[in-house]
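The structure that follows is given in the form of C-alpha cells.
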C-alpha cells in the first residue's frame, strides 16, 4: 500500500474524509436534483383512494388515510421532492380523523366533496372544492366529514425539510376530537379585503387566516387576468397580517392559464408540486412533455425548466419551498426563456 | 435690577432660555391638547359646500374647492387637530380638479354622489359612497366628476404633521389632467382577499392598493360583528403587502356600533376625526355629550376619553395619527373604563 | 357686503376655512422653515452656565439646571428647531439632579468634566468628554456629579416633536435618586463589536446600549477616515440589536473633518443641531458663513444647504430628526452640490 | 395474495405510498437524529493535516486541502451533522487556494498560524488565531498563506442543508486569485462598536462585516463574564447592520466556561459543532462523557442534552443551524435542567 493509500485509510479510520476527492460532486455548477419530473393520474389515484376507504380504517397510530406521492428518483422515500410531501387524503362519509399536532406544517387543498371541515386549534374550517385550509406547525387539527359522500383533498407538507433539519415533533391529542371554539372564526378577524380587525394580533410565524375560499381566489384570478395580456397569471396565498407567505416554510400558489397560449420557460431553485384543479393542458419539464387533466398532480424538481400550455381554461394549484429559500437567501431564478423543445413524452402509470 | 434678573436678561440676550422656569409647563403629567372636542353638522357643511360650488371656481393656485375643519382651540389654524387635517371637498357636475402632488399624504372618503374618480399616478379610481381612495405622499392626483350631480367627499391629510416637520413639498402637474394608465388597476394586483399577484412588488412606504370599496368594508364589518357580542367593532384599512396601516403617517378605520349599547370609554395618545357614514348616535368626549347623524364630523383630541352609543345601526369612518405614534414608540392607551358621566352638552353651530 | 364676503363670514362662523385662499401658503414648493440658521458661542454659554450654577439651585419642579437654545425664528419658543431641543446642562461639584422620566427621549453628550454619571433605569452610566449617554423615552434617569469640578454636557431632546404630537407624559420618581442595579451594565450585554450576548433581548424601540464611549467613537472615526480620501466622514450611533438609530425619533452622528478641505454642499429634509467637540472651522448655511470653535453649537434648518471646512482637525457631534422622517417616508435629500457662495457673515452674540 | 396485499402492490406500482403504515416513524414524538455525539482529537487531526500537506497538492477541481468531520451515524456522508459541515483546512507556507464561489455559506475560525488572509470579494481579511472570517454565500474567495509556517483553521459550512434543498451552485474564478480592492476594508465601514458609517448600506442577507477579531471577541467575553455570576457566558457573532446572525443559515458563537463550575443541561432543536479554542474540560452529551482539550472538536446532535465543565479557563467556538430554524419557526429549546448523569465514556480514536 502506497503512502497515499495509507493516508486515506488513516483518514477514514478517524471518521474524517478528504474534501478534494469529492469537491465538485458535492458542489456541482448548478442544482442537480435526484428527484425526477413525474406525474400521477387522477383516475388511478382516485381509484386507489376509494379502495383504501374500503380496506383501511382510520386509527390512532396511522392517524390518516393518505397516499403520498413517492418520487421514483428519491430511492423509495415517500416524498414528492427532497423538500415537499404531496399526498391525497380520503375521508369516507361521516368519518373523522383523530386530532393531533406536529411541527411539520401542512395545507389541505380540496379536490372533491363537500360538507367536511378541518378543526384547527378549535376553529372548524369548512371545506369545499378549491378551498385551501392551513394546519400550520404545531396547531392541533382533526378532520370530519359531515356529509354522506366521500371527501378527497390534496395534502401538502414541508415534512421532508423538517425531517432533514431533525426538527420533527408530534403529539396526539388526548381526545379523538378537540373541543370547538367556533366555525370559520379566522375568517371574521383576518378574512377582510385589505382591512383587518383593529384588535387583530398575531405572534406566530404563520398566517392567522386558516381558510382561503375558492370563490375569493377565483375572483382574484379573474381580476388579475383581466386586461393583463399574459398567457398566465399566478396568485400567492399570504398571511394578511404581514403580506408574507401563509406558512414560513412552504408557498401556496394558484395559476390560471389562458387556453392555447404557451408560456415562457421558467427555472427556479426549489421544487414545486402542481395539482390540476380545473382544465386540461400540457407542461414541458426539462424537455419531457406531460399531459394533464383535472385532479392530476405533477412535480417540477429544483432548477428544472418548465413551461405550460392549456388546452382549455385551466387552474393549477401548487406548493413550493420558495418562502424557505428566500428567507435563507438561497432563492434564485433564471431569466424567462423560450418554450422548450420536446425531447420525450412522459408515460403515466 | 437684582443679580438674578440680570442673569435672565443676559440669558435672553444670547437667545437662550432657562428650562427650570418652564419644565412642568413644557412637560405636564399627561398630554393636554390645545385642540377642543368639536363637531360639525353635515347640514351646515353641505349647504356651504353647495354655495362654494356656485361662488368659487376651481383654479390653479387654489387647486381644490375644499372647506377645512378649523378647531377653535388651535388659534385660527385650519386644522382639525394638531396633527390632522379634515375637510370636505365639493366637485360639481362634470367638473375636475387639476393634477398635482405633495408630500403630505391624503385619503378621500366618499359621502355623496357617484360617477367621479380620482386618478392616482395614472390609475383612475372610481368613487362611490363609502369608498376610500388613497392619494399617498408624492403621488400625482387629480379628481374628475363624470356625472351630472355634485360629489362631496371627506379629505383627510397628515398636513399639520408634515408642516410641523418642515417637510412639505408641492408640485403642480404640467397638465391639468395626468395621462391615464387604466382604471382601478391597483385592485387587480393588490385587491385580493389574502392572495396577491406573485408578481406584486412594492418599494414605497404606503399601500399599493389605492381603492377600498365600501361593499368589501361592509362585508368585513358584518363578518367581524357576527357573534362577537361586542357593542362595537373596528376595522383598520391596511397595506396588503405588509399588513401595516395603509399610509405610514395616518390611520383609517371604520367602526360599526350596535344600537342602544353604550361602549366602554377609551383614551389614547393622538387625535381622531370621525365622519358619520351611516346612522345616528351620541358620543361623550371628556364629559361633553355630542349628538351626531349621517355626514356629521367630530374631533377627539389626544388623551381625551371617548365613548359612543348608537341610536340606530351606525358606521363611523375615522382617521387618526396612531401609525405615526406607533412607529415612533410614542403610542399609549389607557385601560378601557366605564362610560363617562355627562357634564355638558355640545351646542353645534 | 357682497355674496362672497357673506359666504366667507358664514364659513368662519361655522369653524371652517376655505383651502383655496391659502393652498400654496400651506404647501409651498419646498420646505421653508421658520427656524433660522444660528450659532451659540461656547464662551458665552459656558459663562452663563457658571453663573446659573451660583444663582439657581436644582429643585423638584424645575428639575434641571439647563439653558436651552432658543432659535430666534421660532417666536420665543425654547427650541433650537421646530423638532429639536438643544441645551447645555450644568451640574456643580457633588451636585445631583433628581430622578424623573418623560416620554420625550434625550441624549447627553459630554463637553466638560469627569466623574459624573447618569443613572438610567438603575444602570449608572459613567460620563467623560465625548461620551454619549442615552436616556430614552420613559426611562427613569437622574444625574450625579461625584467629582469636585463642575460638569457641562449637551442635552438633545425630541421634545418639540413630542409636544407637537400631543404625546408628552412626565413622572417624578418617588425618590430623589433611583436605586442602582449596577454600573455600565448595558455595556456588558450590548457593547460588543459585532458580537452580542446570546441572552440579549430587547422589546423596546430604543437601543439597549445606553453608553457610547468616546474612545470607541474615536477609533471608528479613525478607521473610517483611513484611506477614504474624503474631506469628511460621518458615523451614526446605532441600536446594536437592530442596526437602526439609537433612538426612534432622533439621530446622533459624529462627523470628522479633514483640515483645509471644503466639503460638498448638502440639503436634507429635517433639521440638525451641531456641537463642536474638537477643532475650529467654518460652515456655510444657506449662504451665510459661520465660524466655529470647540464647544460652539449651531443649527441647520430643514432643507438649508450646508457645507463645512475645518481649519484644524475637527469633530462635530450632531443630532437630527432623520430617523423619524425616514420611518414616516418623509426623508429626502438633494444631490450633493458645489460649496456655496458666501453672501453674509453671521455675527454671534 | 389477499385484497390488502394486492392493494399495497397497486399503490407501489403507481409510485404512491400509504402514510398510515409509517406515520409515527416519519413523525416521532421528538427529534431522533441519526447523527451521533462524536469527538475528534486535535492531535490526530493535526497530524493528518500535516501529512496531507506533504501528500496532496492544492489544485483546481479539488480546490482545497480539507479534512471533513464525518459523523459515523450518517452512513458515510462527509457531514458532521445532517445540517452542518465541519472540517479542518491546511495551507502550507506560501501556499494559496484558488478563488471560487458557491451558494453554501462558510466561516473560517483560525486555530493555528499567522500571516494568512482570505480575500472575500476583493477584500483581504487577515487571519490570526481566534479570528473569525466569513465567506458568505456566493462571495468570491481565495486563501493565501504569506508566512513561512503552515496555517490550520476550522471550516464551517451550511453545505448539507444547501444540498438537501437542491440549491447548490458553484463557480471557479477565471483567475487563481481575484484582484484585491484593499485589506480589511469591511472593518472600516462596519467594525465600529455600536456606531456605523452614515454611508453604510447592505442589500445582502449576510453580514457586511467579514472579519471578527479575537481581541474584540475576548474583550466582549470578559465584559460579559464580569459580575455575571454564571458558570458560562455565550456570545453570538452578528450582522452589525441588523443585529441578526452573521449568516442567515448558520450561527456562530463563542462560549467562555468558568473552571470547575458545571453548567446546567440544555437541549435545543438543531445541531452544533464545537471547536475548543482554549482550555480543557468535559462535556456530557445524552449521558456520554467527552473529555476535550484545545483544538478538539465535537458534535452535539439535535435535541441531545448537553452540559459542560471546564477544568481550566476554556473558550469554545461553535457553529449551529439555529438562525435557519428560527427563521422557519422551527426552533425550540427545553428548559435548562440539572447536569446529566454519566452513563458512558466516549473513546476517541
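All chains are identified by letter, namely A, B, C and D, in their written order; residue positions are counted from 1 within each chain.
Methods note: a contact is a pair of C-beta atoms (placed from the backbone, for glycine too) under 8 Å apart; a residue touches a chain by one contact, two chains touch by 3 or more.
Bear in mind that the values here come from a model prediction, so they are computed numbers and not experimental data.
Asker: Chain by chain, through touching neighbours only, how many steps does the shortest route from chain B to chain D take?
Answerer: 2
Asker: So the centre of each chain is just the mean of its C-alpha atoms; given that, what is the distance between chain A and chain D in Å?
Answerer: Distance between chain centres, rounded to whole Å: 31 Å.
Asker: Compute the distance, rounded to whole Å, between the mean C-alpha positions of chain C and chain D.
Answerer: Inter-chain centre distance comes to 43 Å.
Asker: Centroid from C-alpha atoms only, then distance chain A to chain C, rounded to Å. What do you get?
Answerer: For chain A versus chain C, the centre distance works out to 53 Å.
Asker: Among all residues of chain A, which ones touch two or more of the remaining chains?
Answerer: Within chain A, no residue contacts more than one other chain.
Asker: Any two chains that touch count here, so list every such pair.
Answerer: A-B, A-D, B-C, C-D
Asker: Spell out the part of chain C that touches chain B in their complex, as residue ranges.
Answerer: 3-4, 7, 10-11, 13-24, 26-33, 35, 38, 40, 44-45, 48, 51-52, 55-56, 58-59, 61-72, 78, 81-83, 87, 102-104, 137, 159, 161-171, 204-206, 248-249, 269-271, 301-303, 321, 324-325, 327-330, 332, 349
Asker: Give the list of chain D residues in touch with chain C in this complex.
Answerer: Residues of chain D touching chain C: 182, 187-199, 207, 209, 212-213, 216-217, 219-220, 223-224, 226-228, 233-243, 246, 253-254.
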